[in-house]
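Could you have a look at this structure, given as structure tokens, before my questions?
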Amino acid sequence: MMLEVKNLVKEFGGLVANADISFELQQGEVLGLIGPNGAGKSTLFNCIAGYYKPTGGQILFEGKEITGWPSHLVAREGIARTFQGMKIMANLTVGENVMIGAFCRTGDRRIALKEAGEILDLMGLDGETEAYPAELPIASQKRIELARAIATKPKLLMLDEMAAGLNPLETKEIIQILQRIKEQRQLTLFLTEHVMEFVMTVSQRVIVMSAGQKITEGPPAEVARQEKVIEAYLGERYAKGR
Amino acid sequence: MRQLLIDIFSFGDRPRFEKIGFLIFILIVFIFPWIVTSAYGRAVMIKFLLFALFGLGWNLIGGYGGQVDLGQAKNVGFGAYATALMIVWWKIPFWVTIPVGVFFAVLESFAVAYPMFRLKGHYFAIATLCVALVWKELFIFWDWTGGARGVEIPIRTGVDFAYMQFNSAIYYHYFILFLFLTQLLFMNWFRKSKMGYWVQAVRDNEEAAASLGINVTNTKVKAYCIAAALGAVGGSFMAVYYLYIDPDAVMPLDLSILIAMTVMVGGAGSIWGPIIGAAILIPLDMYLGAWLGAQKRLGIDFMIYAMIMMVIAAKEPRGIWGIIERVRKKRSR
Amino acid sequence: MGIKKLGISSFVVILSLLILLPNHSFAQKEVKIGVILPLSGPLAPIGKSLKDGAELAADIVNKKYPGIGIPIADWEGIPGLGGAKIKLVFSDSRGDPAWGAEQAKRLIEDEKVVGLLGAYQSAVTKTASVEAERAGIPFVNPDSTSPDLSKRGFKWFWRVTPHETWFTRDLFDFLDGLVAGKAPGVKAISKSELEPLAVAAENTEWGAASLTEIEKFAKERGWKIAEAFKYAHKATDLTSESRRLTGSKAPTFLFASYVSDAILLVKAMKEMKAAPRLIWGQNAGFIAPDFWKTLGGDVNGILSRDVFAAVLGKVKPEAERINKIYKERSGFDFDGSSARDFIGVQVWAHALDKAKSTDPKALQKALNELNIPGKELIMPWKGVKFGSPFPGDTNQNELGSGIIIQYQGYPDGKPEIVFPFEMATSKLIYPFPGWK
Amino acid sequence: MELTVQLLVYGILMGLVFALIALGLSLIFGVMNIVNFAHGEFMMVGMYIAYLLSTYLPLDPLLSLPFAAGAGYLLGIVSYRLLIHHILRGPMVAQLFGTFGLMLFLRYLAMYIFTPDVRSIKEGILVGKTLSMGWINVDASKVFSAGVCLLAFAVIYWMIYRTKLGRALRATSIDSEAAKYMGIDTKGMNALAWGIGGATVALAGALLAHFYYVTPTVGMLFTLIAFATVALGGFGSIVGAFIAGIVIGLIMVISGQFVSELKFSFIYIVYFLVVVFRPRGLFGW
């Protein structure tokens, strides 16, 4: 078992953002997390990644309890993540950004440099090593974040809104890259997405959240048909449309 | 081992014009005392190297680390006092006193760093300023440090390498040059090391840094302590160079600010920034002061100095190095 | 935009090049003396007085001023050097010891001065005189009073002014004299009327030294001290310090303060209607023109130790004449600061005249053997002769002396001399009249 | 008892003046996140105006208050337009650096014009008058200054929280981007904050000149005290500046009574301890 979340609760001053969430994640699986805005997806992510201390419940990673651990220790344990709003080190070059990820596992600059080069190759960013992130388009910046996370050699990779702000073509490319890396590095993926299309193509299984609650889980195609999911998730969209 | 040496001495990753510039710079400082015979010119050069050294240390926390520390003078003070007091009390040779000064500076920085790094931005800047001023007042208050009367190191005649006292500025020149180069090479290694990258990652984005396995607080504390150590070395030099120190001379607010300013002017977060900054501010200050300082109407020298500071802050907040980088980028395109 | 920046940077480069080039001046025969003074920063007002005094002295040496009555006024340049003129090269110390040392280097080696004068603040004098000592160039110090300075055994350092130990002894001679009934116009006062003492000193090198000396002498002479403390100088507020003095109910207040603090202290004491019998200040702030200009009538009755007062003219006509010239030039009366640097330049003139050379060794010898009789000075001193008046002193003027002045009849009055009693120019106002 | 009452009174009176000095700094910070090193120099300008008007014109120094405030307002606006506006984009260090340059410039400009002489106002209705109440003797001008401080705080508080202009200022301080979209002239608001900041601190200077000396270098120490005050109260908080000013006045007077040499240390230590436990100051958000 890669990740186990048991009865996770997170409150912000009385406001319940995650209420009694439980789920499991198998080695090598691709799990999607979907739900409308404000459903508590990011909170759940942040609880696992150590940005928030859960109010209650347990998080186990490979059988080890990591509940409430600070994020750098969670990262060392083997959980890497990307951010919804991009958090790239703007004053460092693309290569250096990825190197910093690699330094998570090595103290040797040469090894880090080599690994960063390999990952950037994989990402199709090998020509931009010396560039500064701000000089590149959004899609490339997303890839830098991804590359940086992968450089920490994670077992579990958590992707927060990877496709936000990308056009369909770019999304497709990212999906290809992800699948390639997943194969190569035997990664387990946990991704949250506001846009359904992305999750549905990539995930083997999805969890649906609404108003802080987990309402259902199952294979994408199955889940998408469920009444309550359409109501909670798509309902919002239709409501907005009208 | 070989790798370490390469990391320390190699500037290979820098563009060619930087390497050439650096070589010319080294050449100039090496032959400087033989081409400039003016004592003031030599004194300016020594002070430039001293402030370039201070700048290198501050750059670690203020430039690479992005933490606006306005209290570096306290570390200079620790170094200076450790050296002066040990020489006066126990006649301990200079070289032994350097690690002691460094030790106290690091110890103090470590002790205040954890509470201090709970603060951010301006709160942090003012806290560093406060801590430094408290130390200054304590050194004035205490009798055992000589209080306000300061510490005077007895003059030794001739050339004395144990206590680093010389009757010629040339010795002091190579002495400070040695200390400066040591720190420059250290910084050259540091900026390429894991720690160096971590410090920069924390500066740019703390949350992202944490997600990459970096202990943010620890990294800041370490950077703060290393910067303190580097500052203390310069303080030790000041003690044997001026032979008299008092709290107003080695730990005033003005010194903290001047150190930060040199790095700012040169370009924070770049290895050449502190050197460029000191090369501009120190001669400017010293020549303007010597030239206009004793005029009937006072203050012109400071006004010119202030104007230059304001223009740089307004037009090029990334300092002179920012200008150089931009020009180069434009040309390479 | 680029051109602008280029302009600025090339301006800087050209500027530094211009200054780096040695400047040769082919003026007439002159002897350069480097003068380091606090000309900017908080002590700049005093620095200005010091500078004016030194400039006047150089002018008097260089030009004929008939009828003044001291030898240097009749000189036209230094006779022993064939009429060479004294040229003072001033340098701002910024009140910073490191800066002072660098300026000393510049003056010695680049300006090629034959010797140095200054530097007022004892901390700056310490570093600047180290440079002189190393270079083997005479440093004449007319204006720093820290006892430490003459205790270092330097061979190239001579101090003209009496130091703090000396002045503090004067203070206690004065207090004992009051008890013995020696003060003009005041009957013998019982010691209990003046005891205990309350002392406030600012916390720089000088204030700390003053406080130590006062405590030492009080113990020696058997005076009780109720409060003795140092306060943070350049204060934003000294109310509570004044309250502490007032609250101690001591009848005698002694101060060691620079001018801004002295003003605040007097204002705060006035505010609190403090009623001491005696207020004595240790020179510095208490004699600065800004002190009495600012406080006007509030200074009446305050005492300060000094080395010179304009009223000296009553007993020393030479001083009166010099004072007249000085007042024309600067608008103020000669005071202890200007007088001290005046005499500093005068000592230099005599030493150069005696040495008949600008060679350091000759000057060293001349200074060591210098003996200027009191009548050639404008100071109320027995003369200038370097020796060891207190244990541990080297090259300290033995023949100097201090006076204690009292402000009387301000805002239009003058400081009157009340000590030494035999030199008193007026009756002592006792007890302190209080503030209106 | 006597001692306690005296210290309390002196501390609070002094503290109110510190609070008024700090008010402008806090306001400026609240609106645009910038610390002004030249703050004490603005105060110095107010002091010189009071001094010049009362010495060279037959004006009572009290009448110079509006002129000082006006001059402070102008100085604030001019500094904003010529310098601050340009350095706002830069990193924090560059901002500190720019205002530090402004500080040096103003200080030495004053040195150039007025020489380093120490001056003070000699005549005025309140100058040098002492009020006696039982154990306590206080300078009448300090009492008056305290009154003006209270009034100034009331006016500024009313302005910020009760007027349309104040709402616009607050909107700018909370989110300047959003405020811009809502049609608020944020640049104008920034300039206004500098103007008000300059006016209040120059007013404080003119009041201070009644019982303090005037010299070009007077500003720095007050700047430091103002920094500690504002940071202690919480950057941008008006109530915070008020309370912290009084706290600092009291610390200063009490420590001055017992360990005068370390009195600034106590202020800094109290600041340090407060922010360590409340990293945004007493009233910061």
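Each chain gets a letter, A, B, C and D, in the order it is written, and its residues are counted from 1.
Following the convention adopted for this analysis, a residue touches a chain if its C-beta (ideal position, glycine included) is under 8 Å from a C-beta of that chain, and two chains touch if they have at least 3 such contacts.
This structure is a prediction, so every number in the text was calculated from the model and none was measured.
Counting hops only between chains that touch, subunit C reaches subunit D in a minimum of 1.
When C-beta pairs in contact are tallied for every pair of chains, the largest tally goes to B-D.
Separating the centre of subunit A from that of subunit B, both taken as means of CA atoms, is a distance of 43 Å.
Separation between the centroids of subunit A and subunit C, computed from CA atoms only, is 75 Å. Between the CA-based centres of subunit A and subunit D the separation comes to 49 Å, rounded to the whole angstrom. Once the centre of each chain is set as its mean CA position, subunit B and subunit D turn out to be 32 Å apart. Annotation for subunit D: residues touching 2 or more other chains are 111, 115-116, 261-262, 264. Counting partners per residue, subunit B has 137, 140-141, 298-299, 302, 308, 315 as the residues that reach two or more other chains. The multi-chain contact residues of subunit A, meaning those touching 2 or more other chains, do not exist; every residue touches at most one other chain.
An unclassified topology is adopted by the chain contact network, corresponding to no line, ring, star or complete arrangement. Pairwise, the chains that touch each other are A-B, B-C, B-D, C-D. Against subunit C, the residues of subunit D that register as touching in their complex are 3, 6-7, 10-11, 14, 111, 115-120, 122, 128, 130, 132, 137-139, 142, 211-213, 215, 217, 221-222, 225, 252-257, 260-264. Contact residues of subunit A toward subunit B in the complex are 49-51, 70-72, 75-76, 80-81, 83, 87-92, 96, 99-101, 103-104, 106-107, 109-110, 112, 148-149, 152.
Contacts from subunit B toward subunit A in the complex involve residues 3, 7, 192-194, 197-198, 200-201, 203-205, 207-216, 269. Only residues 29, 33, 35, 83, 86-87, 89-98, 100-105, 107-112, 115-116, 216, 224, 227-228, 231, 235, 259, 261-262, 264-265, 268-269, 271-272, 275-276, 279-281 of subunit D touch subunit B when the two sit together in their complex. Put simply, subunit B touches subunit C in their complex at residues 36, 38-44, 47, 137, 140-141, 147-150, 152, 154-155, 167, 169, 238, 242-246, 248-249, 280, 283-284, 286-287, 289-291, 293-294, 298-299, 302, 308, 311, 315-316, 320, 323, 327.
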